[in-house]
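Here the chain labels run A, B, C, D, E, F, G and H in written order, and each chain numbers its own residues starting at 1.
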């Protein structure tokens, strides 16, 4: 067991990269500007790249002043990326969505997978209501090492996709929908109950974990363990 | 407002056929043998055919003694049919299931649709895990006036089917599954949240109502109103 | 399997009319103004009428500038209608509500059914607390080919109506209510559990799908398959 | 604050009659035969009549040996009645059910109301699927001081009845149904959300409390406070 | 079956008073100002007093201009009262709350009970955390014909009170609380499961129905049927 | 970090006593007879007393043959106790129940608290429907260092008790009840939402953890840390 | 049974300190400024210290004018403290959180424990994703008499901590998280189901009750009963 | 799109191996003996190995007569394995459980992973209540390419494990537990909400899918894509 940086309100797990292979990420939403700055600085000075998720534009604007030129923001994904060292992106992760409403979550997954070292290809709005759109793209999708399949409402896209490919599918439910969608619970249940094998599931709207897991698998496939 | 047969423990709505177009059905499960016999007799003597649902083999054996030759039992569907007058079957209802576990419910739907006057075609075990099985049959399925699409687990079959046809799809969730299937609630939610339009839903395992509604629509399409 | 228009963030399923009988609809809520404009334009230039649902007044005002004279808005329904070709309306769909709070959802159903080619008659605020209001109108309601029965709170209206008519009833629960109404879940459950046969159900507040399905059945009854 | 009989495993609240107007009842289900006997004896020797609910036939057979001639059993209601002193029954409680499956619960309500001193009239199987059956009996039902309206499945009967009468309606949901009936939760929610005022609700299958409350109100109306 | 006033968007059930004993109430929340005015006018001109519930101050200010001197507002209860004819208040309804947070709901119950003809006595903030407060008032509370017992959070007040009195207790759960209170569901469940008999329950925050039912019972006790 | 006994199918945490103050307990329910025997033997030979919970009589009979004279069974609690060394019992834990149905769970709590070193006093069937029974015993109950308050159905007993004492109350919900009791969830929610401070809660029917925690606190109060 | 201060809208339980050992606390959120002032004044004049929870800064600013110099506010905890008499703080309560998002709730627990007489040590952001942070601090944490373990999301921290210590752990779930965290319900369930014994649980975000209970146990351990 | 074997009641997706990389599995539970035999025969004659899951001993005994010497049964896993061609097992999947109650599910995962070509190492009963057991084995566990982490009750094991390793963790909740474990839902929610990244989740008790997905990833890591 090793060291961490103690900021009193937060304890930065700088040992994580060595232990787990990838650096700790900053969940920005509940943090105040000064807290964020302290955290970003501490990681940065420790030599790391930093990924911040669920960050507001206002948080980004604040941080930008201190890391001009090294920091960028993806407005749809709500991610902040602070770069110390170039990231090598290898292999291929396919990120597909059922509808246009799922794009924000898809972008978070994409930013995360890229940050940790994967090439990403995106296929948006190819849901099962118009199966032709999916079938037209399936040969291309099959080339990826891992697929992140994203859907709200009834969330059936991962089941259909997994039935057509020979790689792992990470199912990512979104809170898109209303009424009986129960803020994404319905899509989540659909995915957990899939009759198609080879699907594993992450939390509703958790683009970050989907992107992280996809990247982890993709890199292990590319580089071996 | 008109008359009914008063059996004290039950009031038989014999006016229903005139008012609603179709005769009352007997929900057998909670009834004792003698009660069932009284009800079947009363309807029969009133000149009607009788459909009993959720009937045990034991209940059928008891009734059989009193209606020898006119009464039959579908063991999978658990339906009893007592025939006074020949039933004319018209049009076409397609009944499709995702898996083999859904067949009992499908048979209840089928027996009901046939009892009330529809021709039925069945397509069992064509779920989305092997899409080829569905696509191979889709041209045939498209010929029906109405489709009853049945699935347990993630319940995605109706969404996929409805996206490929131009007739109404009645979605029928089953309690097949385990864990997060929540005894069919998950499949039910999937169907209610379908992003494909033209799907309406009935209660979990309610083959009776699916068959009834499919028949009602099928006959109206065939005969007009 | 055929073509679609690829807008990158959206893939327009223009083959849908041929395949399913009716054109794709635009779910406006999650889309940005420019995205909406691109989509409406693409469909329009392809020769189609366009129906937009869950659209804000602000979205309509934006689109209006580009389709002056051809586009209109129903404020209660929150629907946008862009007309290329006259719509022929046939048959009859009855849309009834339990209370005045259900009118917004009823209007969405009505606009949808009319857009796709049905005549619509409306019966608002005839819920079961004052049964006289329903019974007074029942003869008129019975003339429709299909009934959309809408209710929030305890959602019992469809059960009562279906018991009095000989046509399909599409039950549409609304989120009107409080406390144990659970945002419409209670009404939804009521409708799914109806002891009256011939009722099928759609998602909470989903006026669009109720109107679509009612229209689909109504037209099949009028024109046959 | 006063005395009770201490049986170690149970403390009999013999002061309850004085404090609350009616004697404590014995919930038989979880008790062993010897415990039941001790309790029945203690109350009986204290001069009270005893009502036991949710009692098995086996429990009754055991007790019968000790109270021959004074004890009786209602098999549907699963109630045991041990009589010390004649019960005067006054006023009128109407007990109505939607279906035949609700009769067991209705009988428990009836036995309870009679035990504590009410006249009871029963109207079974007059649910809303065949409204004619209800409307035919409504004038008779209106004569009661209180109505216990019992239904499973969608549970809409109390709402419809309350809209037609000028006395309190106690709504009693039953666990009759399947799938989305959620063991009576759906009927319970329906009743709680009723748009008809003047309905109050008791727990699922709680015939005892419905009968108790109906009797309490009925007697207060008859005798004043 | 008789007449109603048809305002197109609403059908006023003016026959209700004759049929049910009490006049229809106006649920103001979802209605626009002009709709409210039309409804209030129609009832008023028909000779009735009018009670509006869940009304905003803004709605009241608008109506006030048209009924100056005859209309009043209870800000906590959010009720509007428009008086045509003096109301005679008889008997006694006790309204008790567990905490101060329940007062708004209590006031709605109180206003309703008074509007329909009951005298009301209030006992606020006598919850079970300090049982002495309840026991100090219990003799006074026992004088009422009916008790409305209101509580949020764990909702145990009705159970305790009912165990100490000999009149009906109407249990009214409120949405006061947080976390596992689930917006009042927890209190509702508590009340439904009460081990104390003689409690019936209404919907969360439904002061109106509690007041209505309490008044109905109170008046029947005072005047007989 | 230290040693454990590795039985392949189970790893016995013999370091736990040193680390946590008390020995690991054996959850018997899911284990086969031979597995149980291996585990009891290993602990016993290691010098420990052994407590087995949720054990069937059949499991006990099997073990008894191998530990004759040293092993005993509490049939209500379903606990097995194997004694190597005398247990010193100090302080006082009060265990109270609302009804007789809660006694099995209470006995499990009692056996556990005694096994780990507490004196226990029991107060059964003193629920709030007859408050006199609780108030009569409250002075005695106040003498304990910790109170375990057990109730099913509406679960209000802990709230009332905690309001009358100055020691910690551990609330233990049971699955006693039906309908809306939701197998104890309702009682659990009641306890979590208690408006009385000083209550902490354990899982439904978890007499073991309630007894363990009560003992832990009781001994710390008696002996200090 | 004794006296309380009757403010009409509230009844102040001034007997509570004698009866329960600690003074009543003021739940500020639902109260108006003038009500708060009346309550604070009444307690203060009665000689007590006052703790207000869930207070807004605006409420504090209002009260401050009347108790200048004696009143203070913790912005994170949202607690107001009005001091009449010095508080002696003894023993030790450890308050630990899984993440930085849990700090607000932790501060409420801390303020409460200190107000009622405990020394508090805080360990923030030592969640199980980086176990090294917890293990590094465990020796220090073990010195406390009681531990309050706070976590949102999956809420596993209390289980892990309790397995490493020999004192009671009060588990406090927070609503931090999204999607399937269900506003803290998921963390709550985790804690209730802990396989580690010696954990008891309080309501989601209920820092007050966790702090109160921890203090109560801590003081009893320090001072005996 | 290609061929399947049509058995009428089932359609065998023999194209699946080519399309997805692995052969279809037989879910035995809902099937009759003759149906099972037909299916096993068809696959076997087609040259495939067959894996049957959720099979009873009775089903195995029946099949055994037809495939003597080639078929075997794992009683804990309830899996049937019929071998045509030797299976090469490569790489390493670690399967770990929190308790002994999780072993049945673990064995299903293990049998599945081995059937499809992975080497498996098992670590049973190393749950977090005794963290020493996990930490002692962690170096060994880190050698696997993928980890399946299985737990019931609070389900925290995957979160803790994932924080210590650099490979993907598939979290598999079991229905072991009672009360608030809600038949595994609590463990499922815990896993979905994990604050540790790199965890994906499968359905409750779904050892099959966990084993399938782990094998799929393991083989891709070993062999590349």
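Here is the rule we go by: a contact is a pair of C-beta atoms (placed from the backbone, for glycine too) under 8 Å apart; a residue touches a chain by one contact, two chains touch by 3 or more.
Please read these numbers as outputs of a predicted model, since none were measured by experiment.
Visitor: In how few steps can one go from subunit A to subunit G if every step must land on a touching chain?
Guide: The distance in steps between these two chains is 1.
Visitor: Same or different: at the subunit E/subunit F interface, is the fraction of residue numbers used by both copies above or below half?
Guide: Copies use mostly the same positions to touch.
Visitor: Measuring centre to centre with CA averages, how many angstrom lie between subunit G and subunit H?
Guide: So the centroids are 44 Å from each other.
Visitor: Find the geometric centre of each of subunit A and subunit H from their Cα atoms only, then give the gap between the two centres in Å, rounded to an integer.
Guide: Once rounded, the distance between the two centres reads 26 Å.
Visitor: From the mean C-alpha coordinate of subunit F to that of subunit H, what's the distance rounded to whole Å?
Guide: Each chain's C-alpha centroid was found; their separation is 36 Å.
Visitor: Taking each chain's centre as its mean C-alpha position, how far apart are subunit B and subunit F in Å?
Guide: 51
Visitor: Of all residues in subunit G, which are in touch with two or more distinct other chains?
Guide: 99, 129-131, 163-164, 179-181, 185, 188, 192-193, 197, 203, in rising order.
Visitor: How do the chains pair up in terms of touching? List each pair.
Guide: Result for touching pairs of chains: A-B, A-C, A-G, A-H, B-C, B-D, B-H, C-D, C-E, D-E, D-F, E-F, E-G, F-G, F-H, G-H.
Visitor: So in the complex, which bits of subunit D are touching subunit C?
Guide: 98-99, 127-131, 153-156, 159-160, 162-164, 177, 179-182, 185-187, 189-197
Visitor: Under the definition above, what is the set of subunit H residues touching subunit B in their complex?
Guide: Subunit H residues touching subunit B: 1-4, 8-11, 13, 15-16, 24, 27, 30-31, 35, 173, 175, 183-185, 188, 203-206.
Visitor: Using the touch rule from the top, collect the residues of subunit G that touch subunit F in their complex.
Guide: Residues 19-22, 25, 145, 163-168, 170, 188, 192-193, 197-203, 208-209, 212-213, 216-217, 220-222, 224-225 of subunit G touch subunit F in their complex.
Visitor: Which part of subunit A faces subunit C closely enough to touch in the complex?
Guide: Going by the criterion above, the answer is residues 99-101, 103, 124-126, 129-133, 135-136, 176, 178-181.
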